[in-house]
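Common to both upcoming complexes is chain A, partnered first by chain B, then by chain C.
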Partner chain A sequence: MSVVTLEAPAKEKELLISGCAAIAQALRLASIDVVTAYPIRPYDTVMQAVAKLIANGELDAEYIVASSEHDQFEIVKHASAVGARTFCGSSGVGWMYAMEALAVTPALRLPLLALVGNRALDDPGAFGCEHNDALAVRDLGWMLTWVDTAQEALDTALICYRVAEDPRIFLPCAIGADGAFLTHSEALVKVPSQEQVDRFLPKYDRGDKQLHPDNPITVAPQANEDWVMEIRKQNDEAMRRAHDVIQEAYRDYHRIFGRRGENPFVETYMTEDADIILFGQGTLSLPVKVGVRKLREQGHKVGFVRLKWLRPFPTLEVQEALAGAKAVGVIDRDYSFGAPNHGAVLYTELRSALFDLAQRPAVVSFICGLGGREVTLDSVTEMSEVLLKVARTGRVDQPNYWIGVRG
Partner chain B sequence: MATELTVLPTQNLIPFKGVKKVTTEEYFTSGHRTCQGCESALVMKLMAKAAGPRTVILGSTGCMYVANTTYYSTSWVVPWMHTQLGASGSAAVGTAAGLKALMRKGRIKEEPINVIAFCGDGGGADMGLSSISAALTYPEYNFLILMYDNESYANTDIQLSSMTPYGANTTFSPPGKARRLLHKRWKKNVAGMLAAGHPECRYVATVDASYALQMMNRVRKALSIGGPTFIHSLDPCPKGWDYDPMLSHELGELAVETGVWPLFEVENGVLSFYGKSKGIAAGAPRKPVREYLLKQGRFAHFTDDDIAYFQGKIDDMWQRWLLPGIAPFRLAGEIRKALAASEAEGNGHE
Partner chain C sequence: MTGSIEVVYRGIFQKHLGQRITRGIVLAARQEGKVGISFGRYGDSPERNGIPAKSFAVVADSEEELQAHLARYEPTDNDVTVAVDDTLCKGVESWAWYGLQPINKLTRDGGTVLVTSMQSPEALLRDCHRKGAAWNLAIVKGLASFSGLWVYKDDHTDVRVLGAIARLAPKVVGLQAVKAAIRAEWGDESKVASAQLGHDRVESRPVGPDDGNAERPYEFKLLKWQEMREGLVIPGIPVRQEVEGWDGGYRPGRNPTFKKFSTRTMRPVVDFETCTKCTVCWLQCPDSCFDVTPTGHYDANMEACCGCGVCEAVCPVTNCITMVNEQAFADNGSQFEAHQKDPAKYKAWLLEKIQDKATTHRSHGFRYRGQYEDELADSGVEETAKSGD
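What follows is the complex of A and B.
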């Protein structure tokens, strides 16, 4: 094991800010060039924070209030093509309105950074958290990460720019942040110094792919069956490389910013001797961790694993974290109607990731916390009881449960 | 209060003084596979020539994307990038904003770079109208949006758009036994709408590549004047309009001579007609639309009544509209009287 020397976390200041405001601080430190805003709750508080930074002269960027999410993402797409570092974001159906632009960006190899303040896809109207919005780009070549705290939001935004703009990668990256629970909740956040960030994050250099009269290239011509498959394969290769580049970025981040060296891909909580493990992403970690501690007090060997990166999916890290358990319960804050076993997205992903293990845990699907409903301590107890029974009997009688739902 | 607008200088593209003074360099060259007689390809060529080498061009989905940029055989000498069907406005804004930010931060050399985004009538007048309208309200960016209007979705098999003329035969509006005319919508006047609706936009023009010099000089003016600008080009399309490719130039002329296509520009808030439309606006006779319509197979099913209806609509535009090609309404009697009285008293506004 290599010895990592931590540098002193010098010149950091602490602010009491929301997840969105924390990301705005990251954008200031990353000195972004072009940002496009359009209102939809809850992501848009990040744009309100950005607007203030720009109005106060703390951030020098082209600040464009667009006329739709489609415009928003097309504008940053083209700004990125000429070499500008960009930021954008949306929530719920707004993200879906931008879908055409979102779909074409990965093949253009443009390193956009987007915040998805996770929101239900109304109708029926709902401002609350659901992950189906961001998950809609799961298969398209976007790197996709979910954050849990305002601190993690700030740190991850800087890490995302570093990874996305790495010429080995050049892929867009979206940060999922649970609507309200994270976007609007304030916490103490350590804000790094400019000097630290400058050491961590090089300038975006598009090299010979920059659209400029000195480099008269043609971008995104008609390729058809002659070349499209090779181009798709290149996207796949970039996504494969992303795993190691993410690891490098976290290592440097931990060194330069003096953070503790946690695993970039999964957070494990009391899993070492756990018989049953709950698995999920985002801010549900708070009630789940509390529930796990309570069950531990009662003598149950319960643990929790929080997935931090969904794309690229950290198959080995997830296998390693879960292999010792008898039963794993996947908490999906999303739905995938008609999916295998009527589970949802994370469940299907995780079962696939575990399939090759010689001895794999039983996997149960829990759909919980949709439409902004809280994942409560009672829900955690209920899910754990199902898992304890599966672990005891070695049998999955019912593969899927809707938790905390009437009727 | 002083304005805080920060607008970068533009290139000073002075008008070509005549055909023989036009530069010989081409920035849209061989390698494309447009149809024989394609007027839109000519528009691309003239547009790029008028703009010159320090230019970035964005092209939204349509004929001028699909036919011009087959992988490994691009016809663009200047940098070119595809944008989505409804995104020409956003592409122009994003490119101009990116270049501006990078110049201000010293990451690329500070110089005026032309930004042109083009779209077809489907991409511009249908799907992308909101994006173009938004784009024309950003006064701090310099760019031109050029809509090449061949009056149908010509790349996808000639389906009608909101710019397809009344009654035309397209694959979405075939004349049939029960219904002779499936397409009964009248064409939008996009240039007029954009000129009237965007008071800060400094230049909007209609052009026709049959008058190549006039067309190029309007592109040069649009790129030099500063801020966001818009040009609407009417492009005869042999495939979509169903005529012999040798007639493209003639049909472009007939569109103007019959008054179907008014050539005008709104420059810093001042409207003027130019070319043959100038005389027509002053009352010179127009050729009958029959001469224009019946040269095109897409109107072959027209009866005399259909032609008369079409002629009536064109007559209305020139005789009854407040501003032909722009404002399709008349003034109410009391406004007219008030204006006349005001003029008589010498209080008329300029």
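What follows is the complex of A and C.
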């Protein structure tokens, strides 16, 4: 008779920490080598948390205070090229100031991990959350994910390193974390053990792409039209492969860390029988879920889908989650002035993703929560009522609504 | 019908000359009621001194016909290819191109390569690669004209070439139209007269498919995306490598896929007997073109030399390094190896090269003010009318 011994769950500890501090815990567990810092709210909380970990002797990493956001990203770009695991981040126009460095990184296939503490783009000078900052790299080859809790921030940071540094991928990855609601709010977070993380996350090995005297290479030569399309195709293929690599990483994460095995790409909430579904990303998921429950109590078949990965966009998963609905409302915490139907970024992406379905739900655009304005239960009710009417009549009389704007 | 003209020129040194010829074609065609475009090959820019570069003119009877030739980098079936420096007949390699492109590669079958040269057609055919189809070789007598980026020396090469094109490809543009365009653009009757001379004096001869240089031009295969290393990574070039057949010495690391030697219009000829091994040429060469020989000499490698002349300028020994026009050479062989094989024969060869006035004139970087005028006077080119005469 054989004895099957189950692995004893490794020790986790629970901490009351902010989303940024949760990311810092992930950086400690990932034993990052180089971190660059330049202050801008709300990302800078992570910078302070990392500095504290280093000062306390809990993390051994080069902490480089850069002279600008552009330098921040140039420094980690080069550190990553020589084989260092890096971390960097920014917010709002700081992220935009780094844009030249952000744009050149994907083609170099450098697996940077960045935190974008989402912040409205100036002007007006504002600290509140909007997603346009991180969305600026949407088309460039960065993987983009949004999280909605401090726990998910920690978990996702570890998963992102694993995916980005996978030799099949080697693409940079940015985590969108809503300013204030996530970055600055302390919540109970399960911090996994080093042993668990070591089992999950292999060392960063850049192989024959590593800049090193023993591996003489030239990186990023000038190229004319004879080469650029092939280089873009290589990026495209890496992004295509990312879907399955993300899936693998979540599977292992759930197994090693004992988390429930949710879908890596979309969180579906009460969508099974839903006639209308709200769709969005980030922390607005929290009030929306409450609103969904309230509407359910009133007998309305309402559901919610939270998009977790925008790049690579999980087309099939999104189609599957939404195909049964009569009407879908996309909540954009961003803007794309002059876009089709004057909708915004997620709306345009989602409508494109649903277009190939034989039977498509009607799609309505809601622009909500800009500049960090709260997405309230009233907002959720208002949006749901629009969708219920669309579901009932089968007509979209007005494709776009600004929710919660005075006037 | 549509027609196109390709002008191959030396980057920077002849930039304005190339532009003026292709602009002249379009302006002349306009006189005939045609439409056209004139453009430099985009990938040639930013130009470097002497690097082979191109300018094109495409003309057509209508805008619709012209459309097929728009939004392209280079027309591939030119009626006339003009080489405004005869050393370009050895082939061209530029920023825009991988490998060595024969001068007649983009000339249509049955088309004409027009060269400004003092050499004979036979001498030029030693350089021009075999085309595999019939073509014509035409010559407008003249030295390589310096009508460059910094100075425009109006020696009428532009209009003489325009006149010659009108003779060689009258369907593209006719002589009367060329003359009318010159009057409209420059208002200079002496340039009109030069165009007439270019038209009247150009000499053309047919060339068979198998005539010309039998050498297979250096080629480079473009990789598929699956074959390329990811991350914009290309292998580094080893710092040094052994030289086959040499017992010692070494060759500095060089880019094997971009040789650059077609930039050269003159090459250093080295006297190994007077060389003091002072190292200055080797250190100063901006392209690391000197191989270090087993004897401690420095052998300018002709696959790597751009012909800048810095080595000649810095060499402290009189006549140890002499720049000689490319037209005097048929291959890129090692001078050091020739010297090792037969020192006496090499010495005779060297003296012949460095004493021939026809081939030691500078293609750029004159030794003294007025040298170009002296060379022009010595060249035997009949003076054409000059501006202001």
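The rule is simple: the second predicted complex is superposed on the first by the 398 of 407 C-alpha atoms of A that agree within 3 Å, B and C clash if a C-alpha of one lies under 4 Å from a C-alpha of the other, contacts with A are read in each partner's own complex, and residues count from 1 in each chain.
We take it that contacts are C-beta pairs under 8 Å (C-beta built on N, C-alpha and C of every residue); 3 or more make two chains touch, one makes a residue touch a chain.
All values derive from a computational prediction rather than experimental measurement.
Visitor: Please work out whether A:Asp208 is in contact with chain B alone, chain C alone, both, or neither, and reply first, second, both or neither.
Guide: second
Visitor: After lining up the shared chain so the two structures overlap, which partner does A:Arg296 touch, if you call chain B first and chain C second: first, second, both or neither?
Guide: So A:Arg296 meets neither chain B nor chain C here.
Visitor: Which of the two partners, first being chain B and second being chain C, lies in contact with A:Arg251: first, second, both, or neither?
Guide: neither
Visitor: Regarding the shared-chain residue A:Phe170, is it in contact with chain B (first), chain C (second), both, or neither?
Guide: It touches chain C, and chain B stays clear.
Visitor: Please determine whether it is chain B or chain C that touches the greater number of chain A residues.
Guide: After superposing on chain A, more of chain A is contacted by B.
Visitor: According to the stated criteria, A:Ala79 is in contact with first (chain B), second (chain C), both, or neither; which is it?
Guide: first
Visitor: For A:Glu225, decide between first (touching chain B), second (touching chain C), both and neither.
Guide: second
Visitor: With both complexes overlaid on chain A, does A:Pro216 touch chain B (first), chain C (second), both or neither?
Guide: A:Pro216 contacts both chain B and chain C.
Visitor: Output check: A:Lys233 vs chain B and chain C. Expected answer is one of first, second, both, neither. What do you get?
Guide: second
Visitor: Figure out whether A:Arg138 sits in contact with chain B (first) or chain C (second), or with both, or with neither.
Guide: So A:Arg138 meets neither chain B nor chain C here.
Visitor: Let me check the overlay on chain A: which residues of chain A are in contact with chain B and also with chain C?
Guide: Common to the two interfaces on chain A: residues 216-221, 223-224, 226-227.
Visitor: For chain A, which residues are in contact with chain C within the complex?
Guide: 107-110, 170, 208-209, 216-221, 223-227, 230-231, 233-234, 237-238
Visitor: Can you check the complex and tell me which residues of chain B touch chain A?
Guide: Chain B reaches chain A through residues 53-56, 58, 65-66, 69-71, 74, 76-84, 86-87, 89-95, 97-102, 104-105, 107-108, 113, 130-131, 133-134, 138.
Visitor: Note which residues of chain C are touching chain A in the complex, please.
Guide: Touch list, chain C to chain A: 43, 73, 95-96, 98, 222-225, 228-238.
Visitor: Could you pull out which chain A residues touch chain B in their complex?
Guide: 33-34, 60-62, 64, 66-68, 70-71, 74-84, 86, 100-101, 104, 203, 211-213, 215-224, 226-227
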